[in-house]
Amino acid sequence: MEDWRKNKLAFMVFMGPATFWLLVFFTIPVVAIWVYSFGERGPLGQTYLAFSFDNYLRAIEPIHLKILWKSIWIGGLSTFLCLLIGFPVALGIAFAPDRWKNPLLLVVVLPFFTNMLIRTFAWIVVLGSRGVVNSGLGWLHGQADWLLGFAGLPDVMGQFTPLEMLHNNYTVIVGLVYVHLPFLILPLYATLEKLDRSYLEASLDLGAGQWRTFFSVLAPLAMPGIVTGCLLVFILSMGNFLVPDRLGGTDSMMIGNLIAQEFSKARDWPFGAALSFVIMYPVFIFFAINALMMRRRERVRAEA
Amino acid sequence: MTDIVAGRRRRREVNPLEYLKRPWMWLTLFGCFVFLYFPIVTLVAFSFNSYKRAFVWKGFSLEWYEKAFNNQALHEAFINSMHVAAVSTVVSTALGAMLGLALYRYWFPWKGTYEGIIHLPIVIPEICMAVAMVIFFWAVGIELSLYTIIVSHIAFTIPFVAVVIRARMAGFDVSLEEASRDLGASEWQTFWFVTFPYMIPGLVAGALMAFVLSLDDFVITFFTAGVGDNTFPVKIYSMLRFSVTPEVNAASTVLILITLSLTLVAMIMQSRWTKGKKE
Amino acid sequence: MRKFGRSLISQVSRRAFMQGSVAAVGITFVGGANRAWSAEEKRLNIYNWDTYIGEKTLGTFNARTGIQVQYDLFGDNEEMFAKLKEGNPGYDIIVPTDYMVEDMISLGMVVPLDHSKIPNLKHLDPAFTNPAYDPGMKHSIPYMWGTMGLGYKESAMDSAPESWADVLEPSRAAKHSGRIALLSDSRAVIGCALKYMGYPMNSTDAKQIAEARDLLIAVKPHIKTFAADNGQDLLVAGEVDITMEWSGDIAAVMQEEEGYNYVVPKEGSNVWVDNICIPKDAPHPDNAHKFINHVHDVDVHVEIANTIYFATPNKDAKAKMPKEYTDNPAVFAPDDVLSRCEGILSVGEHTRLYDEAWTAIQAS
C-alpha cells in the first residue's frame, strides 16, 4: 500500500467522487436514522427524538437474540451451500476460453434479471403439492403402478401422496441460495479469472494430485474472492425478508422480517433502527479491523 | 526417468487445467444449470397458462402476452426500471471501481473507520436505508422523482462494486506498474494501459451485480419514488394483495428474450470485429 | 348524512353538475390548500392498491372531466403510511383502511372533505355514513368493505367450519394439521384469537393479549404457514385446505372455481372498510373531490364492484348488481354474523403489546 501523500492528486481523483456520494447520499441519511434509534415511538407511530438506550436494550432481549441467532444459522448454511455450488461454476467460467467468459457469465446472471419475488414464486410452482416436481413424481408413480399391475402385482404402490416440500426452513435455505448465488459467483470469478495458472501447473507437475492442488494452491489464491463472496451472501441472506416470508413456515422469521415488521406494521421506526444498527455495528467493526490487519500484515512483510 | 517423462506426456494429453474438458466438471456445471434454470423454465411455461393464478396449470393461452403488451402501466414501469438500472449501473460501476482501486492501493489516516462506514450500504437493511433516504430528501427539500431513486441506487451499489474490484486487485502484480513507469510511461498511461485492462473482468462482474441489485430493488425504490415513478418491482409487489397473475411471467419472459437476443447480437458483432482486426 | 349535496344535485342533472359546478364553487377553499378551485390544472394523482378500481373508471372520469389521472400503487396500508409520513410527494387521492384513516386524521395527514362537492354521497348506505373511525365521514368516504374469515376446500371438510376453533383450538385444528394457513397480519390474527376467546378484538389488556398469544403458540404445530395475503393461492394450489383470508380474495376464487367456500366464524371476526381520502398538501383537491364523486356515481360504481368483487357501501349500486354478487356470503356476510364483527381500531401505545406478542408467536 502506498501512503496517500505520495500522490495526493491521484488519491483525490479516485477516492473523491465515491466518498462524496456515499457521504452525502448515505452517511448523512444514516446518521439521521441513527439518531432515531435513540428516540421513542409515539402512540400513533410518530418518532419522538430522545436520548435513551431503551431500543437497544429491547433489541438484545432473549427473543430478539434468538431470532438473530437463527438468522445467522440459516444465513451461514445458505452461504456454505452457495460456495459449494458457486465455486465450480466460477472456476469453470474463469478457465473457459476468453470469448466464452462473458457469455457464460451472462448465462449465470440471466435468471436474476427476473424479479426476486417472481423467482421466489417460481419455487412455489416447482416445489408445491401440485407443483412440477410432485407432478413428475406422480407421473412416475403412475407408470410404476401400471407396470407392476401388468406384472401381476396390482395396488402394490398405493396412492401417491405428494411430498410436502414448501413452507419450512429447508425451502427458505433453497430460496436464499437461489437468489444470492450471483453474489458469490461474480466476485469469485473476478478473483479466479486472473489466476496465474503456472502455479497450478507447477503443483501438478511436482506430483500433487488435483485435490491437494485445489486445497493448497487454488483455494488460497482464490481466498479474496471466496471471502468477499461469502461475506456478501451471508449478509444478504441474513437480512433477507422476502424469501422467509414466501417460502417459510410458521417459525421462519428472520432478523430481516423482524426489522421490516418494526418499520411497517408496528410503525416503530426507532426500534427498527436500533435493530438495524445492532447488525450494522459488528460489520462496521469487522471492516475496520480488517483494514488495520491488512495494513499490519503488509508492514510485517515489508520489514521482513 | 523415462517413466516420469512418459507420465508427464500422458498427463499433457488432456491439460489438467482445462477443467471444462473434464466430465465431473460438466456434471457439476450441468447440475448448477438445472438448479438455476429449472424455476425460470417453469416461470416461462406458466406465462402460457390460461388460468390467472400462477400456481395451477389449466391450459395453453397467449392471453397474458396480449395483456402485457397492452398494459401501458406495465410498459412505463418497465421503462422506468431499465432507466434506473442502466444509469445507476454505469455511475456506480465507475465510482465503485475507483473506490475499490483506491482502497486497494492507498493507506491513509482513519482508513479503518472509513472502510467500516463505506461498507455499511451492503449490510444496512433495505427498509432502514429507504426510510433514511426519505427523511433526508424531505429534510433538504429535494423533490422525490426518478432521480432520487437513481441517486439512492447508486449509493447502495457502490460498495458492492468496490468489494468485487478489490477481490480482483488482490492478485495484481504491482511490479507491472513499476515496470511501466520505469519504461517512461506517465502515471495516467500506466493506469490506462496496465492497471485498467487488468480490472476489466472485475468491472464486468461488478456491473452485473449492480444491475441485478438495482433491477431487483423494491423497498428503496418504493420509498424514494415520486408521483408516477412506478418501477417493475413496485408494480409486482402491489399485485400481492390480490394475485400475481401470469402477466408478470409474460413480461419477465419478454425481458429474458430481449437480454438474450441483445447478447447474441453483441457476441456476433464482437467476433466479427475481432476477425476484422486480425485480417 | 344525507343533507350533504342534496340541494345542488336535485336541481341540475348529474352531468350538468359535473360540468357547471366548477364555476359555481370557484371561490371555495378547501382544507389547508390555499388554492382557488378553478385555477387547478387538469391532473389527478391517485395512490391506490393495484387493480383496486374498475377497468373503465379512469377512462370515464377523463371523458367527463378532461382530467388526466396518474394511478400509482402501494401494497399495504403501512407502506402507504410510511411513504406519506415525512410528507406528501404529490398525491391527491389515497385509499387507506379504517384504522389507518383514524391515525392519519389524528396525525393531520388527511384533509377534511367538502361534502357539498360530493353529491353522490346520497347513494351510500346509511350504515356506513357515520363510521367509528371517522364520525360523520369528515375526512374519508367509504369505498369498499369486507370481512375476514375462513376460506376452505369443501371436499376436504367433513362439515363446513363454523368457528375459529377449527383453526385456533389445538385439539380441533389437529384434524387438519399442516393444512391450515393463517394470515401474516399481527392485528388480524391476534384479533381473531381474541374474538374466539370472547374478548374484544381491539383489547388493550396485556393479560388477554398474552392468552391469545399462548393459544396461537399452542396451535402453531398444526399451522402450515402465516400466508402473506396469498392464502387464496395456497388454497387453490392445494397447499392448504383451510385458510384465514379477506373475503374478497376468496370470493374471487369462488367465482373462478367450484368447490371452495367462505365462512365468517360464528364468534365474529374483523370487518374492514377501505376509504378514499385526500392527503394533506394534495396539489389538486378540487379534482380529488370530483373523483370521489365520480367513484360513487351509480353506474361507475357498479362497474367497479363488478371488477373487484368486494362488498360495496353504495346501496344504489348494490341494487343494480346481479344476484350472485349480492347473495354471495363471501361478499356480503349475513347480518347476524356481521353484528358480531368488529373493525380493527388504532390502539395507540398498546400497539407494542401486539407487536411483541406477534414476534413471540413467530419465534417460538
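Going in written order, the chains are labelled A, B and C, and every chain counts its residues from 1.
One rule holds for everything that comes next: contacts are C-beta pairs under 8 Å (C-beta built on N, C-alpha and C of every residue); 3 or more make two chains touch, one makes a residue touch a chain.
Quick caveat: nothing in here was measured; it's all calculated off a predicted structure.
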Requested in this report: If you connect every pair of chains that touch, what shape comes out? Choose line, ring, star, complete or other.
Outcome: complete
Query raised in the report: Quick check: more C-beta contact pairs in B-C or A-C?
Result: A-C
Report summary line: Outermost chain relative to subunit A, judged by CA means, is C
Report task. Between subunit A and subunit B, tell me the centre distance in angstrom, where each centre is the average of that chain's C-alpha atoms. Result -> 15
Requested in this report: Indicate the whole-number Å distance between the mean C-alpha point of subunit B and the mean C-alpha point of subunit C.
Outcome: 39
Query raised in the report: Counting in whole Å, what is the centre-to-centre distance of subunit A and subunit C, each centre being its mean C-alpha position?
Result: 37
Query - Residues within subunit A bordering two or more other chains - result: 124, 128, 130-131, 263-264
**Report entry** Sites on subunit C at which at least two other chains make contact
**Finding:** 76, 79, 82, 228, 230, 237
Report summary line: Among subunit B residues, those touching two or more other chains are 54-56, 131, 135, 237, 240
Report summary line: In the complex, subunit B touches subunit C at residues 51-56, 73, 131, 134-135, 138, 143-144, 222-223, 225-228, 230, 234-235, 237-243
Query raised in the report: Can you list the residues on subunit C that touch subunit A in the complex?
Result: 76, 78-79, 81-82, 85, 103, 106-107, 178, 184-187, 220, 223-226, 228, 230, 237-239, 346, 348-349, 351-352, 354-355, 358-360, 362-364
Report summary line: The answer for subunit A against subunit B in the complex is residues 1-4, 7, 10-11, 13-15, 17-19, 21-22, 25-30, 32-33, 85, 88-89, 91-92, 95-96, 99, 101-103, 105-119, 121-126, 128, 130-132, 178, 181-183, 186-191, 193-197, 200-201, 204-205, 210, 221, 224-225, 227-229, 231-232, 235-236, 239, 256, 259-260, 263-264, 269, 272-273, 276, 279-280, 283-292, 295
Requested in this report: Name, in rising order, each residue of subunit C that touches subunit B in their complex.
Outcome: 45, 49-52, 70-76, 79, 82-83, 86-87, 89-91, 228-230, 232-233, 236-237, 249, 252, 256
Query - Sites on subunit A touched by subunit C in the complex - result: 41, 43-46, 63-64, 66-67, 70, 124, 128-131, 162, 164, 166-167, 245-246, 248-251, 253, 257-258, 261-268
